[in-house]
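Pasting the structures here.
Paired with chain B in one complex and with chain C in the other, chain A is shared by the two complexes that follow.
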Partner chain A sequence: MKSGTPVTEDNDQRGGPTRGSTRLWRKGTLIGLHSQSQHSRTLDLKVPGWPGHRPGQHIDVRLTAPDGYSAQRSYSLAAPVDGNSVSITVDLVPSGEVSPYLYAVMEICDELDIRGPIGGWFVWEPGEPEIGDGPVMLIAGGSGVVPLVTMLRAWRQTGDQTPVILAYSLRGPDDLMYGRELNELRAVGVDIRLIYTRTVPDAHRRVAGRLGLDDIAIPATGQRAERVYVCGPAGFVDHATALLCAAGYPDAAIRTERFGPSGAD
Partner chain B sequence: MTSERNAHTSDRMELDGNAAAGDFSNIFANDVTTVTIHCDGCGAEQLFAQARVYLGGPGTVLRCRGCDAILARLARTPRGTWLDLSGSRTWMFTAPV
Partner chain C sequence: MTISRGFSRRAETPAVDLPPGQHLTTGFPVLTAGATQSVSTEKWRFTVTAETGQALQWTWPQMMDLPAETIDVDIHCVTQWSKLDTSWRGVSLDTFFTDVETGFDYVMVHSYGGYSTNLPLVDLLDGKAWIAYEYDGAPLSAEHGGPARLLVPHLYFWKSAKWVTGITMQQFDEPGFWEGFGYHNYGDPWREERYAGD
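This part shows the complex of A and B:
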């Protein structure tokens, strides 16, 4: 296939409608935009023939220049399955190639190539037998919160009773994504811990500092989460994983996804 | 944190298997993140999603999280897609194929 030539949906029908269709590039049309923090926004895309997805999965996005040069990046699905619509939340990397376009340039009705859903391991679907009665702990650094919020939305939509903890590390209040939604989730029982690493807002009790053992402790003494999901920059994920090991978590209980190079989160 | 061990690839981005799942799943026509890979270098087993991934060079490189040896390399060239799995002994697909 010539690079930059989108495959149409019909090309893949031989491979079976669901499995095969996750492999092709489809057109996504931008139908909605929402600001998410001072430097991130959510893009809602309409994708005809979308086969559905699970919380935690991602898509690949491809941009192709008129001269045929193309750049490809991954973005987590930012909302649970909803017919033909998919959403992504893009945090601006100012020096980046793809995120500035998605964050600032793309307008309603513009199209891009997407492929997915991708991944089957960094996924949490309420009711998974291995997780039992939980709790489940979600640990986010920066934009790593995106797939974890999708998991929380699915948890809420299905009325799941598994206790959930979200530890979300961010530099300062300007970096907070999904602020209002996190308040709502707190009101319905999610244990949300905001870990400001540099600038702490007024009235926040924790002092500025890196994610520590206290931030990932389970209230009932000695208890551990049945499953932990960690997502964020590589440096953050490595740090959180080391803390989890120190807290006695077995490797098999930890699922991680690295978004980019070591970051300050 | 890992920049010293991988100084030779410091211009590239260290991610994990999730970041390469789109390209590899495309080739295997199946999700690869849950595939267990057996490293030929140190014998360690790890899930594809847990292996280290380097993007940004001419191709994608998958490295063992235990010993850093190359498990797989994937490159797209004008002549075709080149896949080298010589660094891994076996790939175990446990999800329905």
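This part shows the complex of A and C:
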């Protein structure tokens, strides 16, 4: 027998959505654009029939040229569920094929195909019993901040009390995504740590350098986070998980999502 | 299929025949659900467990005594990269299964760190799968699943479990880790079986 029996409906639901609905390609129409940093922007898409999603999940985006050529890439969902609109935040990879189109060419009313939501592992919804009173630690490298901000938005929307730490590693101030929103989140109690690896803005106390043990330490109590989510380029994720391991985190507490690069690594 | 205004082909079409939706990479991307496992060869064990309760176990030196093969294959990841002509060294699953008595058709593969993936047994036999411990002439590094990983090149690479530690025979097919999260149960790259229902 060549192929196994199909995954049951029950199993599929652990991933959130029901079968059938996730595999469909649906038409997405661009309805909103927001600049997010000097080289990233958020795209809001209207997707009729969208089945809903959980913070941390991603979609596949498919672009098709008039000659039939098409290209697909994955993008994290950049906002909690909201009817039939979904958002993604795309960071420009200048030599890339898909991100330059999404970053610079696509205009309001243009269309593309999307499918999803995909992934049910790299998900945090406030109230998960396993996490209890937390804390939860989110560790982002570059555009890896996107699904983590979606989790923080859901945390804020539900008025959740779980203590949250966001450690966000970026090269310099020009790379900061969601700057204003991060300030607001800090004001409502999120422990936000910006880790500038090359260029540090004035008045920032930490010196330039890559993510270190201090950046993932939990002050006062010295306890560890109940759950850690790490997202970013593959090399960054490996570096962060090695630090977590050195800090004594058990594997079961760590969830990771690696963004490309789809080419060299 | 929706035509996206202003989008045109940018990548060069590779001269080679790739499964649909894949593009070539020359690097070796690392994708793992959690942290990289560190497993010493002293600690490493590989166990095949059949329905009879029979469990055959190999230590690292015992595996090293088994006949090894060089495996030159293309590999395909569900995240759309393909890598051509990768070179591995390892032991065929046929060798491990020589003395396994089973009437079951499915397996669950287990890894250090708790990862699992399911396959039909036939996809592991007849020269289709290996326990690989060298990549490109050097010991397999931990980030790529070292000291040893399963290698099933004809399926998407999430089936090639890193840090493999055992195979359990099963009467019925059950989803493994990613399969339970909506990925395709079988994962044939040439049929683009990425997600459940594809």
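Throughout what follows, the second predicted complex is superposed on the first by the 241 of 265 C-alpha atoms of A that agree within 3 Å, B and C clash if a C-alpha of one lies under 4 Å from a C-alpha of the other, contacts with A are read in each partner's own complex, and residues count from 1 in each chain.
Definition applied: contacts are C-beta pairs under 8 Å (C-beta built on N, C-alpha and C of every residue); 3 or more make two chains touch, one makes a residue touch a chain.
Treat the numbers as computed from the prediction; the structure is a model and nothing was measured.
Using the contact criterion defined above for the overlaid structures, shared-chain residue A:K27 touches chain C, although it does not reach chain B.
In the superposition on chain A, A:T256 makes contact with both chain B and chain C. Of the two partner chains, neither chain B nor chain C is touched by A:L176.
Annotation for chain A, partner touching more residues between chain B and chain C: C. In the superposed pair of complexes, A:Y69 makes contact with chain C only, with no contact to chain B. When the shared chain is aligned, chain B comes close enough to touch A:H239, but chain C does not.
By the touch criterion stated above, A:W121 is placed in contact with chain B and with chain C alike. In the superposed model, A:E111 lies in contact with chain C only, and not with chain B. Of the two partner chains, chain C is the only one that A:E97 touches; chain B does not reach it. Residue overlap on chain A between its contacts with chain B in one complex and with chain C in the other: 3, 15, 19-20, 22-23, 72, 74, 118-121, 234, 238, 255-256, 258, 260-262.
Contacts from chain C toward chain A in the complex involve residues 1-11, 21, 23, 25-37, 79-81, 105-106, 113-114, 118-120, 122, 143, 172-173, 175, 177, 179-182, 185-186, 188, 195-198. On chain A, the positions that touch chain B within their shared complex are 3, 15, 19-20, 22-23, 58, 60, 72, 74, 115-116, 118-122, 234-235, 237-239, 255-262. Interface residues of chain A, counted against chain C in their complex, comprise 1-7, 11-12, 14-17, 19-20, 22-23, 25, 27, 62-67, 69-74, 97, 100-101, 105-107, 110-113, 118-121, 234, 238, 241-242, 244-245, 249, 251-252, 254-256, 258, 260-265.
Chain contact summary for the complex, chain B toward chain A: residues 1-3, 13-16, 18-19, 21-22, 25-26, 29-31, 33-34, 47-50, 76, 95.
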